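Just so it is clear, A, B, C, D and E label the chains in written order, and each chain counts residues from 1 on its own.
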């Protein structure tokens, strides 16, 4: 890649980036406006006596930010760990076994993604309620059920590019299936693990409908708290925008860190 | 440490419509060093992988110390293997690559370190222990793969062309190391190579394969001097044996176009006893059994051939004369002193007492 | 790993159990309910196929189905093209490529209502302003009719999801051995040819995954629909998921909704699984 | 008697409330805490749900999962029918007895009262006093369609002087503005403003449809445009609250939204007049959109505690204060004569309802049925965006209603 | 077809703290066949990759036909390359792998087919044209990689150990094919190998590298007979040259422990002229210059050494005698007829007219 083409790519990237960021510009600028300021002119910068930072203060309090952040974190982190662990294992079993059965199982997982959530939610919560599982822990388990399919699907696709010779070599060195998987294969899956992690983190972090059905109010997450800003008629956009900004910061920070691992291809040198 | 028996082993890969290995039989004795040779694609790696348990055996039995092993899990066979394509763990350093098998077996840390350091030392990898495989040259990667096998106390070592990417010097060195290792560990080793010298110097016995079938099993000397058939004769030795289609008549073999040489008494008798008088057969003469020195021309005056040198190659001590008689091409390996320029017409003596004879149909050695 | 072996099942059990309890058992219950007059709480009669017969005479359902299919075709193409293009762009070596990944991915961090709020303002105000400034009439009056509603939904979906698709493509792009690309360079392939003949076939699994995701998400899309147009005007932008949800919750006809969901599932499954099956066959392991 | 059992019993009871007015979440919690202080053996947990989710599915999942709340809310006849298996008879509660006439019509089931109104609400034309004054129009005089039309034209002619973008802002996206509130005036007439009657009717005539058309056309023609792009927030937050339109068709609930945007404006410059309808001049449509239900599957102790709480809230002295001052509810009960409503709009509603100058809310009869979202609303929107004639709109709507009612 | 100049080329990989290639200089003439040799990790592949344009050149200029190419894109250099690790396209069949470069260049379909079929024929791949690389043996893959290069009309061919996985016979065959290809196409070729024979027989000139630095550039004969330094001398030839640390005194070199031999007049004069009398130096004698035949012992009676044979290896025509004199080990390559059993005490004659002498400090050849 030569300098000039790098430069033009940079320019292209910049332009696209601006287009992509425009809505965020609106979220950020409006989160610093008074309610009147927001509706006076959504597109302008905060100013004209309509600039304020109190939205953040109020939103922070109204969201009960510290405790709902704690719930969000706990639920997201634990669910994603469980998901990554079990779905990568399942994908490994399915990819390394080329039989009709595993093909069928994969299709089963995949087809689960096609079932609209709304059609299972009532029977689902009914069943879980009867098992006294309508709480955080039940929610984490539900995420495993709902999101494992996509994760398995993603894992299963990249697993093919890890030469089977890796498994064989470790197997001959005396490693059992679990050791082969955790010590050899799983580390080589880092880029896709990070991807699976990110996709699930955002899905779970932002999820509203399922937790609203499952969580008791003392375990509310940020999105659930946020919906107190949206009454039937009074939608408190100023607080919601500030709240949104507060709640996506942790995820953006995480994403920026996680990227390093996506970028670092780890499989070089594996294949001769 | 183990006796290994391969009994009528077959392998067919799903999707192929021919067997990649056919009726493979071999008895490996305790502490033997076996070398597999054969042309590319003849089934060497496949056989090795079946022994390791990495491929299912389509038919036949693999026995170790009398027990059928077909269904034993690879990790329970206690076998160390060097893969033809290395199969290094990309995310681990060189050290960890070598230490992995030991860690798995819960060996104490300091013992692991000792072994790995020792192996790294032997292999000249000490400076690279902290690198990952991605930042190594081809040969360095191959050495890591080798190191991974030798740190372990396996019952059986399988080495699939472990030196193919190393330079001559390192190769010789490694060859010696492996031989010593074999001495010290007293384990069985099966070694795949396409290098004649490696096969000849390292093997207790060589298994030579072609097209999935075993052609001959024997000591290097056997294979070189008593090849079972034309394939083996042609395969062993470099440059390979020259073959001439000829007819046996009046104690001479001739092809009517340049070749017409007498056969020594003893050999002639055998051929006649087997009924080849007046029949077609294939005559094989090794390049080094063709001479141009005056002494030889005189000594073997009844086996002279008029040849024309087409290319001559200088190789340190020897010269290769790529020559032609009639329309048959052949190679002579002569002393560098007996240099002949391309285009020169030269008389050459065929040392027929060392010649080989093969049946024209079955290609089997006549003896 | 043999499927007879214990470890095969040990690896699979946790996810299989979760899937069964969380998705399949409730879904099967739903299928059962579709043959009754279930109202979300209980049922009093078995109706047989009555709901299924009703549903094929339900013009709302048919309209939603067509609208959704049009939407899916457009977004599947756009999302895959743009997502892959973004992935290729940010995997080039230039300054700021990492930052850009974050930027393109960020839309996924905004959910539901706020998304609709922001985009309504963009469509009604930013577009209007632009349209007036540059005298482009087509930029004004967005979301007031079915056509602009459709494209509005497409734009929001593409804006939001292409970063998602991008990071999946990135993950797979990273796995291509560099030597193979180099070999193609030596063979004289231009960047475009390298992409068509080498890179793309080698990320075929990603394509399968992304096709599937965009297909199934396109069919299932609900949040954007709700927050942006809420099906309006006059139901012209109501998609399948919304139609089903409305049937259940606004019309309180849960059994009919389950019947619609089953038909919907069968349609989507047929398309998506066929796609997966077909694409998976072409993929190769290294 | 239910009334004394709560104070006499010292057994601890826990009751749960699930309600959908998320904007009042905090207030309900405070009220629950206050009640616990007064009655230490009763603990009330309030859960609020709404915003992005509809209330009903959550209630359903709670019920089917065995976590049904003790007190829940009902939105009209459709809900009453749906949750019939949960609804306790509230006929004997003090609150039911104190309820204003007509407010319980929608929640009668087999002669029993199963719901207690949250409050009453009213809607009309909310106007900007300043603008009207500047334009020289007296809002209180606009009691007929003709007068209104003239006033609208007058205001419209001074648009630039008044600094407004339109006389109205008609939010075409918010279908309920037309289908529920406006139509209530013209369709509801047939059923005497009684939701239950309409719910049980077999057919509909829609005789006043021409008048409705005139009203829609007026709002549409003098609205900031394009109407199909306007929604609640552009109507209330962006246009009305910022003084960009003279009036909007809305109800007392917008007060807090306007207050958020401009406190002073909300306090001083807002007024509401009834929408002029022939034969119903100067009558405000006042009604109840939500009712409390009590779960009859809970233990009697729990049910009793729940009823006592509701009685206390709506009939005790302290409760009444909380209803008016904390919840800002216009009471649906008798005995509030000396109450002072906290804001200009609720004051209007309260005034009309005290004076019994009201029109009933019939629309809850159809908000929970498929006719509203699938037939009526789309047809009105089609008319609004010029895709369909008014006659077709009316014809489709009547046909749809009759079909739905026939298949019930 | 092109003249290629490498001028003061350096390469440092990011992350390494030493150069992998240092001050590389080379002028490749039109139509020349260059071979790179050197121990594993010495920088051969790295240099090749810089020429191909796959690695940035850290410092220095690469010129082709006078133009600086450092920044030219690989695809515009018109170079064909065989990768050390094959780099086959896994999703394409063998046919498509080979055809890809031609399709890209929009060659007519039938011409492509002709070329690929021809290459497949040469490489023995005809039966595998429709398979994917995953179902091939190691050697077969390597042949596909080779085929991919030879179907093309590139200006320059870069071959990184293209034959390392092939058996001897195929190797010889392929060697000839590549030589013919070179003849026919009249292109430049740069060929990396660790095989002495390949280097010797194929190269017009050999570049021998060590540790990133060029040690010597010259014809095979030059390198073998006139090595520039001890490294080159030791690297070329197999088994490699024997080295003895010794002192020059009274026309003889001796190490006090077994070695004590006279130096022929002419060579002695040079050594004395350069001032080595009484100084330490390194003496190098190739195994084939050590003799045990009676004739030789008599002819070189002033250069006899008493040695003990420790290991003796039989290699077809020759025997290797791994021997020891005093505490110095060395190897003698003698005729198979002169076989000596391990343990035997043997007198050996060192052919000192062919010996090499190296400075003890600089290791440079004294001449």
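The definition used in the following text is that contacts are C-beta pairs under 8 Å (C-beta built on N, C-alpha and C of every residue); 3 or more make two chains touch, one makes a residue touch a chain.
Chain-to-protein mapping (UniProt): A, C = Carbohydrate ABC transporter permease; B, E = ABC transporter ATP-binding protein.
In this text the structure is predicted, and so the values were computed from the model without any measurement.
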Chain at maximum distance from chain E, centres defined as averaged CA atoms: D
Between A-D and C-D, the pair with more C-beta contacts: A-D
Averaged-CA centre spacing for the pair chain C and chain B, given as whole angstrom: 58
CA centroid of chain B to CA centroid of chain E, Å: 22
Cα-centroid distance, chain A relative to chain C, in whole angstrom: 16
Residues of chain D touching at least two other chains: 51-52, 57, 60, 64, 233
Shared interface positions of chain B, touching two or more other chains: 84-85, 135-136
Chain A residues counted as touching two or more neighbouring chains: 121-123, 127, 163, 176, 208, 230, 235, 237, 267-268, 270-272
Partner chain D, residues of chain A touching it in the complex: 35-36, 38-40, 121-123, 125-130, 134, 208-209, 212-213, 216-217, 227-238
Residues of chain B that touch chain A when the two form their complex: 52, 54, 73-75, 77-81, 83-92, 100-101, 104-105, 132-136, 141, 148, 152
Footprint of chain B on chain A - complex, ascending: 163, 165-166, 168-176, 179, 183-184, 187-188, 190, 266-272
Chain C contact footprint on chain D (complex, rising order): 51-52, 54, 56-57, 60, 63-64, 78, 82-83, 85, 172-173, 175, 226, 228-229, 231, 233-234, 368-370, 372-374, 377-379, 381-382, 384-385, 387
Residues of chain B defined as touching chain E within the complex: 13, 15-16, 37-41, 44-46, 84-85, 135-140, 142-143, 160-161, 164-172, 194-197, 200-201, 220-221, 224, 234-235, 237-240, 286, 288, 313-317, 333
